[in-house]
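Each of the next two complexes has chain A plus one other chain: chain B in the first, chain C in the second.
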Partner chain A sequence: MEKSQTAVNTFVKETGAWIAAQLEACTRCGMCAEACHFYQGTGNPEYAPVWKVELLRRAYEQRFTLSGKFKLALGLEKAVTDADLTHWSEIDYYACTMCNKCSMVCPMGINLGPLIHDVRTGLSNAQAVPADLHAAVEKQEHEGSPLGVTDAVFKQRIEWVADEWEIELPVDVKGADTLVVFSSIEIMKFPTNLAAIAKIMNAAGEKWTISTKGREVVNFGFYEGNEELTVLFASRVFDAAKELGVKRVMVTECGHAYDALRWSAANWMPVPAGIEVTHIAGVLGEFVKSGRIKLKPGAYDNDGTITFHDACKIQRRGSHIQEPRDILNILAPKSFKEMTPNKEQAICCGGGGGVIAIKDADPVRYAAFELKIDQVNQIGAKTVAMACSNCRLQFTDCVQHFNLDWKVAGLAQLVADALVG
Partner chain B sequence: MASFTITPVEKGIMRCRHTGPFTHEEVRALASFLYEYRGKLLIDLTGTTGEECARHIQQFRPMMPTAAIFGADIDPSILELAESYYTRPVRYFKTEAEALTWLRNQ
Partner chain C sequence: MNWENTLEFARGPFFQVALLVFVAGMAYRLVRVLALGWQPDRVQAKGSRIGGVAVSFLKGIIIWPFIPWVKNTFNRNPITYLAGGLFHLGLFVVIFLGTAHMLVWKSLLGFGWLTLPLPIVDWFAAGAIVAMIALFINRLVNPVLKLLTGPAEWLNWLIVFVPMVTGYMMTHHLWFQYETLFSLHMLAVDVLLIWIPLSRISHFMFYFFAKAIHGSDFGKRAVTP
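Right after this comes the complex of A and B.
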């Protein structure tokens, strides 16, 4: 079977009343383009979100509508070809972080992010995924981590952090209340985040644990749109949570993982009843509000303006908008300033959705980040805080690429360094 | 005496000279430096032994910027790390001159 036929079959299979209604509702007004940081950053009209779902639209119209069948028969519209898959693979994987800002501006209320995810599913089934991204997916499938956090590496890393940061990192504790699951970026690139989060959890008196079986929260299957692997990777965390008997799973500073586990998993698999999935941003807010941890007021008021970057999957999708602001208003009441736009209207960093894992996507990733540079420079911020390690990797890489004089800080790190008592 | 010192070599390159056993505080300080630093690194092990620094170099490897290492006999396999989007190239050289030449070309 041709690849294109596999993709079309997937699109047709995915298409039910919801997708049909979304596609029929589109008036081609183009407002979604203005919301897309890749379109804004490059001016490439092919990056308009509505164009990113073109293959899905064609498959739907040509299979399910009379006008679509006529257009195809008369040669007024083309069937999906293998060359189309290659072309849209670049559009949908290189130039989309699935941030879903486009859906915020659509006057018809079309939820474009999930539609683009459906296109990715078709491309994944047709094996039309960028090689770099697929290699990471395969590593997660076979080694347990897209970044090489094998059993041995995880053990060494945890021991090193516990030893050198002189912090207790409980492992595989049955009966703990909270299972903390880190992302591999934190484990490998930002290990100080492990120590910071451990310090906070211990200071709050939380009964918590990490798991050797459910050690990786990132879900590269979700990035790729491979539903079978998305379920497999989410299952590793849920199975560990059930085995340890925890009440909640806390996703650390990772946005897509939070979306996959908290919001999307239930669409694909039975999620364990009675186990809450939450994010570190929400937990930090809860700890501060309840007085379980105390922060030094004004701890960062002497370091210049500090701002907060809203991560698409944690703030816009996950609604943890207020907690980081409450915290920063304690830590830097005089220096904390908002970028514009912000909160649920914030501009994505450009590195999420697997984009940063694709080397050939670097030019568009950097182009999209230029919007962020303008935002930060407009308020003269010296420090940009965030609660997503993928955003943080994009920021630290872009700070080097563009030679920017900014500090890039994780929210948990700021909190840990300002703990009192 | 500190277990490492950071000094400039030339624009865009700093020398990190490892001079003895790390304390916990020094490991944390070096981790912070590697997180903040945006340039290339010349890692000079002339003040220490290969055995002493092997464990730490292996743990610091994923956090390193583009770096050239020289000055003590280390097993180059401790620098091996699967290529990934978050990693930077790090290589071991027998001499400082070789290390610096390679670093300048990165």
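Right after this comes the complex of A and C.
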């Protein structure tokens, strides 16, 4: 079977009424482009979010609607070809983080992010995924992590972190309340985050554990849109949680994993009953509010303006908007300043959705980040805090690329360094 | 051509057929979409899905059209916001609050309602026509709209524009005989009614679905839509 046929079959299979109704509601007004940081950054009209679902629309219309069949017969519109898949693979994977900002400006309210995810599923089934992203997915399938955190590496890193920061990291503790699952970005690139989160959990007196089986929270299958592997990667975490008998799973500073495990998984697979999925940003807020951890007021008030970058999957798609602000208002009541727009309207970092894993996407990724540079410079912030390691990776890389003098900080790190008592 | 006969045809049997095609066509479209099946969202909500839907509609219908500048995207494409808003506002005022149109509704539904004085309705009609022209130019110059606009979009524009212009001209007795303009207006309306179910002009029906899906997804996540 031709690749394009596989993609079209996937689109047709995926298209339930909720998708069809959204595709039908689109008036092609182009407003979504004005919300997209990739279009804004590059000026390439093909990065308009509506254009990213073009293949899905064509497949739907040509299969299910009279006007679509009519247009196809008259040659006004073409069927999806293999060349189209190659072309849209670059548009949908290079220039979209599925941050869903576009859905907030759509006059019809079309939820474009999830629709673009459906396009990715078609491309994934047709094997039209950028090579580096797919290689990372395969790595996660076989080694358990896209960044090479094998069982041996995991053990080694955990022992090293425990040693280096002289901190206790409980491993595979049955009957613990909270299973903490780190992302390999933290394990490999920001190991201080492991120490910071461990310090906070211990300080709060939480009965927690990490698991050697469910040791990777990121889900590159979700990035690719590969349904089978998305479920496999999520089930590794859920199985570990069941085995250890925990009450909740805490996703660390990773955005898309939270979207996958907390807000989407139940629609793909049976999720274990009675196990809550939480995010570190929410848990931090809860610890501070209930007084389980105490923070030094004004700890960062003397380091220049500090701002908070809202991650698409943790704030706009995850609702932990208030907790980081409550915390920063304690840590830096005088120097904490908001960027505009912010909270659920925030501009995405441009590195999520797997984009940062694709080398050829670097130019568009940097172009998208220029919007963030303007935002931060507008308020003259010297420190940018965030609760997502993928954003943090993008910020760290871009700070170097653009030679910026900002400090990039994880929220958990800031909290851990300001603990008192 | 005898315009009186044409008018009789256009506002008589042709109008009835067009109405029938419109109603049956829209019903078909709705059933066709719903028949694709609805997968329930099994994810446990944090906020209220219904609340999200309510906010989504409130923002869409009440707040947004009056204060469009709350969105930072407003500055980047003000024509789409202003002209798009003005067009829809003018359209609703003329169709529902214009006396002549209310009488058509009354003949169809059996009851009428209060309408606005003609000079006021007239300004809304003129505004909607100007907005349509602005939207036309916008589609020619905006890079994204250039990419998105094909024969279907231009045809939609034309089929919506002709009834508006002929209606305006007949109210003002411009250039042609009243019967001629009335006939053209009715013919254009008939064509429009038949065209709506075949085209994206049907978005007004699917709007309610898309807005509800959006609101429900944001409500589930406890985020303001």
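To be clear about the criterion, the second predicted complex is superposed on the first by the 421 of 421 C-alpha atoms of A that agree within 3 Å, B and C clash if a C-alpha of one lies under 4 Å from a C-alpha of the other, contacts with A are read in each partner's own complex, and residues count from 1 in each chain.
Just so we're on the same page, contacts are C-beta pairs under 8 Å (C-beta built on N, C-alpha and C of every residue); 3 or more make two chains touch, one makes a residue touch a chain.
Since this is a predicted model, take the numbers as computed values, not measurements.
Partners chain B and chain C fit side by side in the overlay (superposition on chain A).
In the superposition on chain A, A:393 makes contact with chain B only, not with chain C. Among chain B and chain C, the chain that touches a larger number of residues in chain A is C.
Note on the composite model: angle chain B-chain A-chain C, taken at the C-alpha centres, equals 150°, rounded to the nearest 10.
Of the two partner chains, neither chain B nor chain C is touched by A:329. Once chain A of one complex is fitted onto chain A of the other, the partner contacts of A:156 are limited to chain B, with no touch recorded for chain C. Of the two partner chains placed around the shared chain by superposition, neither chain B nor chain C is touched by A:127.
Shared-chain residue A:105: touches chain C; no touch with chain B. Taken over all C-alpha pairs, chain B and chain C come no nearer than 31 Å in the superposed arrangement. Touched by chain B in one complex and by chain C in the other is not one residue of chain A. Against chain A, in their complex, chain B makes its touches with residues 24, 27-28, 31-32, 35-36, 38, 55, 58-59, 62-63, 81-82, 84-86.
On the chain A side of its complex with chain C, the touching residues are 15-22, 24-31, 33-35, 39-40, 43, 45-46, 48, 50-51, 64-67, 71, 76-77, 103-111, 114, 262-267, 315-319, 321, 340-341, 344-345.
Interface of chain A with chain B (complex): residues 132, 136, 139, 146-148, 156-157, 160, 163-166, 185, 188-192, 356-359, 393, 396, 399-400, 403, 407.
Contact residues on chain C toward chain A in their complex (touch as defined above): 29, 32-39, 41-44, 46-47, 56, 60, 64, 71-73, 76-77, 80-81, 84, 142-153, 198-200, 202-203, 205-207, 209-211, 213-215, 217, 220-225.
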